[in-house]
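What follows is a group of structures, each given as structure tokens.
In what comes next, subunit A is part of two complexes: it sits with subunit B in the first one and with subunit C in the second one.
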Partner chain A sequence: MSFASYMAKRIVRMVLSLVAVSMITFTLLQMAPGNFADIQRISAGAAQFGGAGTEDMVHAFASRYGDDIPAWRQYLIFMKGAATWDFGPSYKYPTRDVQDIIAQGFPISATIALIAVAISLVIAIPIGMFAALRQNSPADHGTMFVITLGTALPNYLTGVILVVIFTLTFGILPSSGWSGPEHMVMPILALVLGPTAVLARYVRSSMLETLREEYVVAALAKGGRQSVVITRHALRNSLIPIVTVLGPLLASLMTGTVFVEALFRIPGLGLFFAQAAASRDMPLLMGTALFFALILMTMNLIVDLVYGYLDPRIRAAGGVSRWRSQKRLSRQAA
Partner chain B sequence: MHGNVRPRRRRLGTARLLGALFAASLTVSACGLFGDSNNSASPATGGDDAADAPADADRPDQILRLSSSNLPIIDPQVVTFGMWTAVRGIFEGLVLQNEDGTDVIPGVAESWDVSDDGLVYTFHLRADAGWSNGDPVTAEDFERTYQRLFTPETGDTGGGTAGANSYQAATNIKGAADFLEGVTEDWSDVGVRAVDERTLEIEVQSPTPGFLMSMTHPSMLPLHMDTVEEHPQDWQEAEHVVSNGPFMIDRWVTNSSMDLVPNPHYWDLDEVHLDRIEIALLEGGTTGAATVPYENDEVDIVGLANADIIRMESHPELVDHIRIAEGASYVYLATLRSKNPLLEDRDIRRALALGIDRDYVAEVTPDGQPGRSLVLGTVPGFDDSITIDDDVEEAQRLLAEAGYPDGEGFPEINLLTGSANVDVEAIVDSWQRNLGISAKADTVESGVLVERRWAVHDENYVGFYYGSFAGTPNWPTMVGSLWSPQDIQEFSLPAEVWEEYQEVQADGDLSATERNARLAELREDHASPESLQLAELVDQAMQATDPAEQEARFKEAARLREEEHLIIPVLWKDRYHAVRPTIQGLNLRPSTDAYYFKGISIAAEE
Partner chain C sequence: MALAEATEPTGSIEAVKARGHWAGAWARFRANRLAFISLIFCGLLVITAIAAPWIAPYHFTETDPTARLAPIGADGHWLGTDMLGRDLFSRMIYGLRTALFVAFGAELASLVVAIVIGLSAGYIGGRVDQGLMGITDVMYAFPSYLFAIVLVTVMGRSLWAVMLAIGISSWVTQARLVRAQVLSVKEREYIEAARSMGASGTTISFRYILPNAVGPLLVTTSFAIPAAIGAEAGLALLGLGVQPPTPSWGSMISEGTSYILAAPHLLLFPAGMFALTLLAFTWVGDGVRDAFDANGESR
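Moving on to the complex of A and B:
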């Protein structure tokens, strides 16, 4: 199978998935109780919210996608725009198109996520190696115990602890908001813990596996210095599976930092996504859902491509697709 | 106490250090990350540059730091938090609220006359009122603005102005409702007329007590219509916006911050003391999140709720920073419709209303006082004659009479609410103790709440929904507007009629006139006699020309309404703020906007 036809296949599959995501999101939104105008009315906090006078509001918001037309047509109107990356204005932020909100919110979420994952890697790799090299020693168990705790600690709780330390106790960092680099520190720290734990465990197990490989044993038997063998040969190869985790991890952080964004009141995309769902803001919810799906699928695609590039065996096997190669490998193993 | 300057500078130093750590990863995108830094200083340093140069040692920097939930727009004709920021001092209406928020004082209008029949208000505009671009504020500006307000679905900002124009009932401007509903398309049918450049005439449908107060609502603010028409989408952006209030928008970084500076063309610059107002725009805060930025010296004024209040009150120093505006809102229980007719019995509702231990509920609610009327105690002329007092014995007697001695066999009462509230639990608790009946809080997501509170529930679900209301503290609002006679009539409809009523409301095939006629007919035929009588009383009150007579009629109406117990008052709520002692001239009113920027200054620290 040529690379081009492989890519074409993948892209067709992605488009189909996006259509499916849009249909499911739209249907769920239709089924969800309440509508934007009614919810806005009780949550805007403005005075004089009487019992009557909501009909005109409901109509006003629906009118953008066609007042009194069936839902399926509203869906088609939206999708027609979406196909050309024009999601139309959000209900809640009526002066701004959804794609502009995405363009502004996503870099914020993505930057936080990227930095957090980068820091996680820097911490996780040495920890994972350390534990693997001392397998089953108290040091190994101790490290892994602490790491497991890290996985169990949700990032919003970490965030609160950070606020207590850096804001309330020392007063050196602003508690919330988004107007300068000082606002990035705590959100990133809050996010680092979870991925670090996940990655360290991966590094450890992958390293253990690699250390048992014949070429490592041979290299050591030939009198290679342990440190050289480990860093030059074992580490490099044991990091390949990490790439597999890294893609989805990054994608989920870029799209799923809702709690941290809410806690530190950061205008990232995760927050807009959550708000859109809560307030039944159809264009914003559909736009962000589609965008998240796109990010996730692109990440997976990139991982597959990088995976093939990193592991010559997979390339040699003729497949670029991870699952395909793995299937082949497992068949060979059998 | 920290100084205003030092902690910020220290924070910044640390930030620079830590910022350097991330510099590599930030690269180019970082510039745009904190908003479009199109103007001068970055938000983080804006205040400190000035702070670094304490030339006037006596006069501290006149910079007010605030935070707000994120403002998508500030269009005062669309119901969002933005409208309440606009009215604080970016725009200024004909009249402003006085110190305690009970009456009006001159704004753009320096004086006004009322015709003898109370139908025509003639406003005389100041000669020196100016827009931030130097244009004079004219009567025509107001007329054009109100035309926009009363035109359904105008403009590209906010899907029409429909959010705010439905609150115009209180102004009772002649023809406005018809114009809005499309009954007439002739603007000359509407009672708003610019007589000349500085004279604006507003005609009301009928004598309207509280008309002037209702003109302080944000939706009645003037807009610079040339700008609005030139930039229908972006007129509020910092580079376009033209405003007439004491302050104008200098910088507005989406999702991050908004900076205001004095409007040089404002007519009363003597009362404008602040050089800059920095508003941090924050996303969806939770209660409890307010005190931390305040304690960390990031903001100067902050609204407090629930746990925030408790924390501040128990803090040895900060307790002195608490400022309270009394009677800002009330908490009520509104009857839910159900196939089970239990609550259609007035005596049962009365038993439940009298059976609440309001002192106890208020005790557990930090900002609550017992509320025994749907008219707030801050309304001028309020007295105890319209309150419904707790009376456990009477409640027990009524229950026993209805066949539920000691609450035996009484169905479980649901309290439908959108958030977990301690006062709801206290109501449940006090009913259990006083009446022996069981009740529970049914806490649901807001989308579910908006649907269920108007629905007709099935046989085994009876109860009330929990809500709160803040409005202008005067008789026409509290008795005529919410809850209005029409509201009460709707609540008094039997469940099956209410179902039919809602179908008519939602019927898109009917014209506005037809629909209103059919709804009126349903109310006429099926609403309770008391609620119909209530409408008459309120009408009489609105028509009355003698103020004493008018107040008496309103009280009579309020009493009648409260005795129906369709809407049960539970608490009156105060509004709490934490305000730094250095802030001078801040005047907290119970209104939703809470205060005006005008008049505020910052004194040196002691």
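Moving on to the complex of A and C:
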């Protein structure tokens, strides 16, 4: 299969999946009891506008998603806009368009997620390598123990523990807000543990596998120094499978920021998504859900391409199916 | 326990024969001390959750207006009370009940769906299979947490809704697993033999194919349970979990953070218990995986 036709196929599938995601979200929202206006009326007073104001505002939307317009047309109106990256104004923040909220929130979430992944890579590769080289030693068991901690504890719980340590006990870091570097420390630390655990586990098992390969044995038998063999031959090859986890990992971090952002009150995309869900803000919820799905699928595509590029065996065989199944395995494990 | 006896290496032929796949797995699991202790701990948690009304000294809605934000060791409330004067110990026990009910219920539901869909996709193949693959592709494109959030928004915040939301967003992986197992044994001779003797598709699927998938399913399920406990608390943390006053560890942690200076025990106990529970279930999962993975290759 040529590269162009492969890409074309993938992109068609991406578009179809996005349409499916939008339809599912929209249908579910239509089935939901109570709409945005009802929920605002119930919590009126607490919200920024009173009952009467809400009526006015809902009327203002009548041209776009009014009660008199059937649901399927509302969907088409939304999707027509979405195709040109215009999701229309949010219900909750009527003065702002959803794409502007995304443009403002996404860089914040992306910054946190990317820094977190970068830090985890820096920590996880040496840890995983070290554990693999000393398999079944106390150091290895200790590493695995820490890795289990990282897999078991969700990032918001790590965040809470960090708040207890740095805010409550030492009082050196603010527990909420988003205005300076001191606000970034705890959210990023909270996010680092999980990916570090996943990556270290991967590096370790991948390294163990590579060390058993014949070419490593051959390189050693030829008289290669152990450190050279390990860094030149073993590490380089054992890092290739890591690429496959990086994509899903980054994506899960992107969505994982929902909790960390809620905990630390960071105005990122995740916080907007959670608020949109709670207040039934249809355009914002649809927009952010589609955006998250788009990010996830793009990431998977990039991972597939990079993986194909890195592993010549896969490139030569053109075996798309083989690396897809590999990737699934890694995703299950992640 | 016959199972345990069979695993003792007595040397006789009977003992060797009896030591099948399951007995071997159980022996390996028991040899893993951390996993075994964790299993006992998890068992105690389950019993506590079931017997919550008898163990908890108060009902979770019962308020004590004379003792709000009471500290640890207060009169009649040995773990103190929250901002409404509700007994923290009792609320933690009921929170455990919520967490385990949601987690086990969600995984049971997702297991049933996954088995039915995975078996039919793998066994029937063709259109059914393509349909399933289409659905799973879309589900993979939809981050599961986000999907659960949307579902809870739609179905309301009852215990059942939260359970369903978590279950629905986690069946895909297991359905794929079942399907893969079916495909790997479908063409074996013993299936052929069963078919030639006139066994129906349902019989073949459930009696001859499914048992092959039980081990891998047990492994994924034992990891899915702590994940579901975490998801339940996570939803509650976002204010999208079970409707208060039903206690959930997530909302208790979220409340605790607001009273972190006045009453740190409101945060420390639920968060600590939550962490311990997640760890115990994860260690059981680790043990189960190692027990079924006799070569220890993927550890």
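Note that the second predicted complex is superposed on the first by the 294 of 334 C-alpha atoms of A that agree within 3 Å, B and C clash if a C-alpha of one lies under 4 Å from a C-alpha of the other, contacts with A are read in each partner's own complex, and residues count from 1 in each chain.
Assume a contact is a pair of C-beta atoms (placed from the backbone, for glycine too) under 8 Å apart; a residue touches a chain by one contact, two chains touch by 3 or more.
On a predicted model such as this, the values are computed, not experimentally measured, just so you know.
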item: Touched partner set for A:V21, first subunit B, second subunit C, both or neither; value: second
item: Touched partner set for A:P267, first subunit B, second subunit C, both or neither; value: first
item: Contacts of A:L29 with subunit B and subunit C, given as first, second, both or neither; value: second
item: Partner chain(s) touched by A:T143 [first = subunit B, second = subunit C, both, neither]; value: neither
item: Touched partner set for A:V258, first subunit B, second subunit C, both or neither; value: second
item: Touched partner set for A:R13, first subunit B, second subunit C, both or neither; value: second
item: Partner chain in contact with A:S179 - subunit B first, subunit C second, else both or neither; value: first
item: Partner with the higher number of touched subunit A residues, subunit C or subunit B; value: B
item: Which superposed partner A:N237 touches (first subunit B, second subunit C, both, neither); value: neither
item: Contacts of A:L153 with subunit B and subunit C, given as first, second, both or neither; value: second
item: Those residues of subunit A which subunit B touches in one complex and subunit C touches in the other; value: 32-33, 163, 167-168, 175, 262, 278, 280
item: Touch list for subunit B against partner subunit A, complex; value: 2, 7, 10-12, 14-16, 18-19, 22, 25-26, 29-30, 32-35, 42-45, 67, 70, 72-73, 78-81, 83-84, 152-153, 156-160, 162-163, 165-167, 169-170, 180, 217, 233-234, 236-237, 253-257, 280-286, 289, 292-293, 295-298, 418, 445-452, 467, 469-472, 477, 481-484, 486-487, 490, 505-506, 508, 591-592
item: Touch list for subunit C against partner subunit A, complex; value: 137-138, 140-143, 145-146, 149-156, 173, 176-177, 220, 226, 230, 233-234, 237-240, 253, 256-257, 260-261, 264, 267-268, 271, 274-275, 278-279, 281-283, 286, 297-299
item: Touching residues on subunit A, where the partner in the complex is subunit B; value: 32-35, 38-57, 59-61, 63-64, 68, 91-96, 104-105, 107-108, 111, 114-115, 118, 163, 167-168, 171-185, 188, 261-262, 265-267, 271, 275, 278, 280
item: Complex interface listing, subunit A residues touching subunit C; value: 13-14, 17-18, 20-21, 24-25, 28-29, 31-33, 148-149, 151-154, 156-157, 160-161, 163-164, 167-168, 175, 205, 209, 251-252, 254-256, 258-259, 262-263, 273-274, 277-278, 280, 285, 289, 292-293, 296-297, 300, 328, 331-332
